[in-house]
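Input: structures, listed below.
In what comes next, subunit A is part of two complexes: it sits with subunit B in the first one and with subunit C in the second one.
The block that comes next holds the complex of A and B.
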């Protein structure tokens, strides 16, 4: 069954300890930094996304705001070729 | 040389240098130098023209830190830390009326700003806070166990980091500008250290209150990455370069004096002096190249928040902090016992002690760990002249 990119990003964020808030309680546009995401964890999140989606973030997307919300991450992933409804 | 840089050099040579030994011996605030810097209106130079200041840029501030570092490292460090705070306000307050008015006051009264970022309970990580801004209507209060507030007792204002709200995670921080009338300090620990003794970086219990409008309107994460880190690493590196430059100047004078005594023999320290001069040049090139990189990035959020930029600014700090000690060690070897003595014109002891703080103020190991993390994400290296 196709899974929206947002849902796959949420799965990745679950039980990682990167967020202090439970991802289930956060909206897709909620600020992940306000939920406890640190600069250090952002790099780990990026690596996990690269592994899970088999992609590489180009330099221009390696910015704090690329990872600021589930929506922002999904937008970046789609921009670099991840299918919106990829299985 | 601008007239402001000339004025700073005069304060350094004529006043700061004269009191440097006493400042160091008694671990006291360099009050003579700061009275002179205030008289010369050098504290408010970064305040923009729209707020009544001359709107000097970072290059001028970096040059002043370098020149002061040659005379008294504590004076230079306090001046540097003050300008880091001013820079954060200038770059991040947007149209905020409270901060604009504060900048006007800073320029008019030549206020000295300190910083309360370190806190007990976060293991030295300034990007985490225990204390929080507690809001009640339009007012706030906060209480912080600040492990160090450099020159807190002599500051006219303090920039304090705290969690955005009592419910916020440790990393969701803001930074608040608190004028002297809005804070109280209870000293917890004094400052009796190996070097940088005049910075009087005592530990305090700080309580502050004021208007919510005093909170800088962007997250501290942005202020830190885009302004505080690059500015800190630039002004610090410049003053460490200043300390090393003065040590090498003493070594050069020593070698010259030896050469005069025995003109037909190559002085023993001559080769080592050549090596020290080469290291000093490397260090200087690093500071100037990093300064140009920061100047080119100012105003572009993209450039300032790029990982490659953060890595470059981290490298500047770890690199120059280590090299300063290395260069000064050369100077000590060149001057020999005359350098080791505290009562000779070739004395290098204070330089060496002051420079050893460089690797510790934000510990290099912490910065290297941060760089290591960033390198996992960093992609291509830029072109030679990019």
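The block that comes next holds the complex of A and C.
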């Protein structure tokens, strides 16, 4: 069963303390900022994504909305070459 | 950039020649003349005339903060390149002799210098948050504090308006989101009125802090997208690159969380501050009205009490 990017992003958000809400209760398109993601937590999330997916976000994606939801993050990752589904 | 650098150098040379600034041999570190300080006092008086009726609690801090306070503020995460920490000699007699020998040989004498518990204040308001937090839950109307101190930012420049040690006069508002935003809105109007009364040209724009590195790029674009920071810009050495003389900042609950500051309802406090860069405003006044303030327009001298 291939694992969509969204699921891998969710794994990274689990038990980090970056969100005030439990990621399990949030939809893929739910606003992570509304769920308590702060600017400093966004920075930590960005670094964690870069490490986990072995990528580097280009400057044009270093924006607030890139990290605004699980879907938005997945879209950005796919845009810079991450496979939609990993085995 | 060379045109801009030339303009910076030319204005700095003018200020040094006129004796308004006094060279200390380091870019961004200057003495101030009596006349310069009279203008700075005038700017502070104009600020007080507008802000004092609000009844702020006055706090005056030294230009240092505790190392722990600096860590807690989050400043090291976003702007490590600007931080100054105080170091001191911690060796014994033998180390002292070795240090003096190195100085004699013009070598590096800083090896035995160790960090102390003191860091230099990066902004005037950093002393306020832990002080208010230590009092426990705030009253219903939150808190309003007037601060004024020297700040340090490690960014040596020949631009006289980019000093490494400079003063910020601030009002800091702590309370609910509504209170913090209302405060900032009020001061954006007041800031325009005050600088306008100095007969200076200006514009107010969305801005970002000079955060460090790639993560800083994300912080900066986020700050702009959320319009957390506005700056009042006055052309000093360049029309194309005007200088931020006043900033209007909304921190959301960044500092409220960092220091666990609570509103009367037990919610994390939101904070905002308005900061007047008094040296920059003085430099703008000297640029636009001339080096002798006695010849400035009567209306401007009246507002400044000169």
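Heads up, the rule we're going with is that the second predicted complex is superposed on the first by the 86 of 87 C-alpha atoms of A that agree within 3 Å, B and C clash if a C-alpha of one lies under 4 Å from a C-alpha of the other, contacts with A are read in each partner's own complex, and residues count from 1 in each chain.
The working rule: a residue touches a chain if its C-beta (ideal position, glycine included) is under 8 Å from a C-beta of that chain, and two chains touch if they have at least 3 such contacts.
Not measured: the values here are computed from a predicted model.
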item: Fit or clash between subunit C and subunit B when superposed on subunit A; value: clash
item: Which of subunit B and subunit C A:84 touches, first, second, both or neither; value: neither
item: Of subunit B and subunit C, the chain that contacts the larger number of subunit A residues; value: B
item: First, second, both or neither for A:63, with subunit B first and subunit C second; value: both
item: Which of subunit B and subunit C A:36 touches, first, second, both or neither; value: first
item: Which superposed partner A:20 touches (first subunit B, second subunit C, both, neither); value: first
item: Partner chain in contact with A:47 - subunit B first, subunit C second, else both or neither; value: both
item: Doubly contacted subunit A residues - partners subunit C and subunit B; value: 38-40, 43, 46-47, 56-57, 59, 62-65
item: Residues of subunit A touching subunit C in the complex; value: 38-40, 42-43, 46-47, 56-57, 59, 62-65
item: Interface residues, subunit A side, partner subunit B - complex; value: 20-21, 33-40, 43, 46-47, 56-60, 62-65
item: Subunit A-facing residues of subunit C, complex; value: 74, 77-78, 214-215, 217-219, 221-223, 225-226, 254, 257
item: Contacting residues of subunit B [partner subunit A, same complex]; value: 127-128, 164, 168-172, 219, 221-222, 225, 302, 305-308, 370, 373-374, 376-380
